[in-house]
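Inspection log for the structure reproduced underneath, given as structure tokens.
Chains: A, B, C and D, in written order; residue numbering restarts at 1 for each.
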Amino acid sequence: MSKKLWQTKSGLHPLVEAYTTSDISADQMLLPYDVQASSAHASMLCKIGVITKDEEQDLQKAFDQILALYNKGEFVLTPAQEDCHTAIEQYITEHFGQVGKKIHTGRSRNDQVLVMMRLYMKDQVSEIQQKIKQLITVFEDVSKKYQNIAMPGYTHMQRAMPTTVGIFFDSYKQALSDLTLLIPGLLDYIDQNPLGSAAGFGINHLKLDRQETTELLDLARVQSNPLYCAMSRGFFEGTILSVLGQSMILSSRFSVDMMLFTTQEFSFFSLGDEYVTGSSIMPQKKNYDLFEVMRGNSKLFFGYESQIRDIILGLGSGYHRDLGLTKTPFVQAIDLIQSTLDLLLEVVPQLQINKVNLQKSMTKELFVTDEVYKKVAQGEPFRDAYLEVKESFFKE
Amino acid sequence: MSKKLWQTKSGLHPLVEAYTTSDISADQMLLPYDVQASSAHASMLCKIGVITKDEEQDLQKAFDQILALYNKGEFVLTPAQEDCHTAIEQYITEHFGQVGKKIHTGRSRNDQVLVMMRLYMKDQVSEIQQKIKQLITVFEDVSKKYQNIAMPGYTHMQRAMPTTVGIFFDSYKQALSDLTLLIPGLLDYIDQNPLGSAAGFGINHLKLDRQETTELLDLARVQSNPLYCAMSRGFFEGTILSVLGQSMILSSRFSVDMMLFTTQEFSFFSLGDEYVTGSSIMPQKKNYDLFEVMRGNSKLFFGYESQIRDIILGLGSGYHRDLGLTKTPFVQAIDLIQSTLDLLLEVVPQLQINKVNLQKSMTKELFVTDEVYKKVAQGEPFRDAYLEVKESFFKE
Amino acid sequence: MSKKLWQTKSGLHPLVEAYTTSDISADQMLLPYDVQASSAHASMLCKIGVITKDEEQDLQKAFDQILALYNKGEFVLTPAQEDCHTAIEQYITEHFGQVGKKIHTGRSRNDQVLVMMRLYMKDQVSEIQQKIKQLITVFEDVSKKYQNIAMPGYTHMQRAMPTTVGIFFDSYKQALSDLTLLIPGLLDYIDQNPLGSAAGFGINHLKLDRQETTELLDLARVQSNPLYCAMSRGFFEGTILSVLGQSMILSSRFSVDMMLFTTQEFSFFSLGDEYVTGSSIMPQKKNYDLFEVMRGNSKLFFGYESQIRDIILGLGSGYHRDLGLTKTPFVQAIDLIQSTLDLLLEVVPQLQINKVNLQKSMTKELFVTDEVYKKVAQGEPFRDAYLEVKESFFKE
Amino acid sequence: MSKKLWQTKSGLHPLVEAYTTSDISADQMLLPYDVQASSAHASMLCKIGVITKDEEQDLQKAFDQILALYNKGEFVLTPAQEDCHTAIEQYITEHFGQVGKKIHTGRSRNDQVLVMMRLYMKDQVSEIQQKIKQLITVFEDVSKKYQNIAMPGYTHMQRAMPTTVGIFFDSYKQALSDLTLLIPGLLDYIDQNPLGSAAGFGINHLKLDRQETTELLDLARVQSNPLYCAMSRGFFEGTILSVLGQSMILSSRFSVDMMLFTTQEFSFFSLGDEYVTGSSIMPQKKNYDLFEVMRGNSKLFFGYESQIRDIILGLGSGYHRDLGLTKTPFVQAIDLIQSTLDLLLEVVPQLQINKVNLQKSMTKELFVTDEVYKKVAQGEPFRDAYLEVKESFFKE
């Protein structure tokens, strides 16, 4: 059992330990962000005279070593370490002695986690923004490529009026484009530095230079009110998922379309063998698992989102341990967005358009409304034209 | 039974009718937005020559009459009318004859609902934006007023370190301020005109001037792809609630704080008699129902949000009748945001600060961390200082 | 403004009043259950000597009058009355004087609401149980009727292996039958009397005879611990929806099946004109709105369920005002179950089976697995047979 | 890359492979249930003559070896194996040759997963039932131990009327006892054997003896309709969580109570040092992380439940790949119930009751309602007594 940062003598009951220890897989991934923030913290501590120049150099050396090991896959957290923060501090103390006991000066695990997550968020939101822009281009390309291919338009899942494959793909392009309008505000929202807020009350007797770490971390501003920093744990995570989650709704709706349009009965679209899967019992099957998983992943996503939201929703201000439970679902939800966008970027250009079936499906009922509007164009009131055409359609 | 817009001879089975007819209370409230959009539609139909100048004048007269009746509370929907669109068309046909059969030319009930909702959304989001700005000022005022009043800071609901009432209120101010960063993008997102998309496939044989209605309705741009218009039903509603819902999380957390800080045990804050309620059995009770309802309303809110999201999440593109079920929860959710902001604007300035109790609660454990940092300021490594202070604290 | 039961002098601020007053439509429906419980309460108060025989007769007369008016639609709650409890007490005081001030003796609004809801729950769960049993018979009938009609079986929405319309309908029958296994325990669970728990702490100085009201209300047992009674508010509602909600999942899945199998592309099933709806723009449309609404209603249902659960989830024991917010979503959710079952009972027997299309869809890929098993029956290892058949299928 | 059961030549695109491959940690845990079911399947195949006695013995030997390795921690799934089913079949083929190609005869991966999950469910539900019964005893014990210790009763988080620590603990005992009424029906519900339903359509040309495997697996009955078997995937999981989830609501409410009653301001209860945690910055802190995590875990739980429910809610009947996504959240949700019950069983008896603080909190407002009832007992109408006492209370 590794010693906790706050621990002195008596151990924690093993059941309580097991119950309150988080899953470390998220921390394993997040570690470089903690190193980045800790490095900025060390520079600042040196600048304000809390540690010496030599101590700072030792710390930076330690961070470099940790990152080098990490990148080789050799800095692996153990469950006993509880989180990446403990693992880093232990490494420093073990390899560089006393200075390891100083790196936590002027911060709490609360703001340490906050700033690590903030850097992660900023990275992820930017990356997702880029992928959405790429996907817009992908949908634009297929939309242009198939702009003249007729396709039945459906309402209520019944054939309604004619449309085109181009318009169909363009509708997703438009939806994604509009979504990008929300992202700059979101990036602006999260672009602030919580480091220095400590446990939500700042630090007395030390003159932390929060502007310094803000610049070193390339963040836009100090998140000044320390209680607000504490309140933003989980809250910022939730806001990000609320906004970006709209892309999961779109991918889900696209997958529902694809599942329908790839049935034998519709057969409008298909994918090559390397994209489809088989059955362990039925030799003939070609299954579109990828779209089914996409459809299901949107539900997983909103489950994670609700976990985060429901955790913070019932809490007053200040730090609560429950907030720590938001880390894993946030990382899982972000991963779902990323992998879903990656898959769409790969797959949408590969969709094969089955022109023969599309053409066969352009049946006459799709053109009935046109009949109404031909009459309207000749001056007949809409309601009368509608009723006449209706009567004649059902008479046939 | 009133005749449906699409109905000819055989009636609908009463059970199906009952099951598929929506609640009309939302439509009763939304009617003026339909009138506004229908008026723009009529002008455009006249401009492109589908109706005559005289017919347009009749229609505009009808709209004025409807609004006048509505404002007097005399234009009341009946369940048989199903929705406000039918009610309006019936009124016109009844009072102005033939032209009533022409007003639906070039549109479907789909884009008619879409544009009505769009105008409502734009109004509501702007109004909520204004209220949030006012609430920021309110929190700023109380924050300044009480900036020097000490207050225990809590983590894990245990006394942690000293803070002030000013910082406490300011944390909500900051959170709301950051929230406003998301709203311009949201307003930009929804500011587009779906009218003219008809059932999701536009209209052939008529040259609708969509730019004209866009200008008349003071919207920023045409939402050009008609399938995307159909897809935006429910989807835009969900996006709005996702973004603005963050304010419901904040109001919930504030209410949780207030419920705790108004207990007899804490007694930090209180409200005058006109804000609290009593008990039907216990004569002495002063209950903070308003904050309990605020806390509960956040859960109602996210229930409505999930209804909308889950409805659209499972649907492919194009119109589906399920989308009609998003109207009522959207209106209910918007009402919850509005009324919650209204209440906070009224109540926050009325909070009474019980200085005596706050002062009594500033017990010594709150200052233990300061002891650590006094030692750190004198050069001691943080971890050593922490352990020394801890040992001495628990020895006492 | 009507006077609240707990009110003395100063009025409540109108914004607080508006914010904390619940919607009265649920109470309008629930009133007879309150009358029933109040009548039992009055008998018991007489039995233990708190009111006289004459007073009790006045009360029972009042209850009879109220019910008579109610059944004629003439006992209509006003918003100012806040709830049905106030309305009833006001009626008694107005028409029978002093005794009106005694009916609330020995109870609080808390247990008054609890017992009213309990009686409503018991009624509803029993009724739903009956309807599910009827629906089992309905599915059994159509299953037998079509037991020999072949139908393609789908996995991953792709044709998989042969099945029959009979097996398809029977699968819903089986699912519903299993669901009924959960209901006796649920009925047992709720069959207890909270009346007499008052505000969660019972009543001192009065010897309430809780067994007496339990018998009068035909409940199985006294819910003895008064704090548990308070805790059961919302909690019992949630448990009921959790269990019965499984029927909404089944109806949703059935509606998804129906929406697919009624498309022009599948055309396996259809419904007569009185069950389908049209379009305001497309004269030819036959839309299965009823199944779309059914599909959407399952999402509304779980939104209501989550509202109730999330409200109670964050609360400690004892009464909280938020619990009052569970009433409306509970009633709405119950109504959705009832109306969905009613509709299925009507519609399932009306489904028309399109044998020609079903037969046309029995294409050869459905029988490929049979080929494998013919080889297996002749002694070939399964994996080898699978691979041979697969190769030969894709060679064709 | 390991070869999939359905795979022949061309490989799957790596992005699709990554996107559609499930997390194997759940399968690692579930493997013994698959072995159990496969063993029964092998016996049955031998009984009906599909495999020889010798082949069956080889298979049973293989299963024994796998279990032996597993119990030593040496049968570890690799990501390339995709799931435990592939791993088992590969092991057999590798070590026992040809017979490995026969074990999948007469089943599909669908019913293989179904039966594995069914055995797991039955185990878990029974175990949870036992733990709930133990917890009832635990609450009963503390309830009796502290039955005479007075405690303020709260409504609206305000002091209301007197209660006792005994009644407080007993309220949780009662709630848990009632919950057990639902479990026998639930156990009955799941106690059926889906093995033999294959992909939802059974197997032609083989006379599977489903009664035989049912008996071997100690299940109560055959789940006969194969389409219903397919439909029950995820559905049974959801039903179990819906019912047992009520225990997570109770543990959440208990944790909310504990968090409040362990604040310095209330100080009614406390826990010894081995149950509480410290702070990395504040040496004096004693934090009740265990109750905070319990409070948060209830939100994680319902997030998992909603993932499962929302996945199945939108699907028609038959197997869909999305259903596979229900496995991980189900296992995670079950683990949360188990670990939460374990913790409560340990911690509830350890709660220390701070009698001095409890006594100090029994202030006079708690007894005001008693004053009313003293007057009522002397014949005064309740409403009059209430108003008199109220007036005199606020005059003081």
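What we mean here is this: a residue touches a chain if its C-beta (ideal position, glycine included) is under 8 Å from a C-beta of that chain, and two chains touch if they have at least 3 such contacts.
Here the structure is a predicted model, which means the values were calculated and not measured.
S.K.: In terms of C-beta pairs in contact, which of A-D and B-D ranks higher?
M.R.: Top pair by contacting C-beta pairs is A-D.
S.K.: Would you mind checking which chain's C-alpha centre is most distant from the centre of subunit D?
M.R.: B
S.K.: Just curious, how far off is subunit B from subunit A if you go by their C-alpha centres, in Å?
M.R.: So the centroids are 24 Å from each other.
S.K.: Take the average of all CA coordinates in subunit B, do the same for subunit D, and state the distance between these two points in whole angstrom.
M.R.: Their C-alpha centroids are separated by 36 Å.
S.K.: Taking each chain's centre as its mean C-alpha position, how far apart are subunit A and subunit D in Å?
M.R.: Whole-Å distance between the two chain centres: 28.
S.K.: Send over the residues of subunit B in touch with two or more other chains.
M.R.: In subunit B, 8, 104, 110, 155-157, 160-161, 199, 260, 278-279, 281-282, 285, 287, 289, 292, 295, 299, 302, 306, 310, 313-314, 320-321, 369, 387, 390 touch at least two other chains.
S.K.: Flag every residue of subunit A that touches subunit D in the complex, lowest number first.
M.R.: 4-8, 10-13, 15-16, 18-20, 104, 107-110, 198-199, 273-275, 277-282, 285, 287, 289-290, 292-297, 299-300, 302-304, 306-307, 310-311, 314, 320-325, 329, 339-340, 342-343, 346-347
S.K.: Okay, in this complex, where on subunit D does subunit C touch?
M.R.: Going by the criterion above, the answer is residues 8, 50, 98, 100-102, 104-106, 110, 153-157, 160-163, 167-168, 170-172, 174-175, 178-179, 181-186, 188-189, 192, 199-201, 203-206, 223-228, 230-232, 235, 238-239, 242-243, 245-246, 249, 252-254, 256-257, 260, 295, 298-299, 302, 306, 309-310, 312-321, 369-370, 373-374, 376-377, 381-384, 387, 390-391.
S.K.: Touching subunit C in the complex: which residues of subunit A?
M.R.: Subunit A residues touching subunit C: 155-161, 259-260, 262-266, 278-279, 281-289, 292, 310, 313-314, 361, 363, 365, 368-369, 372, 386-387, 389-390, 393-394.
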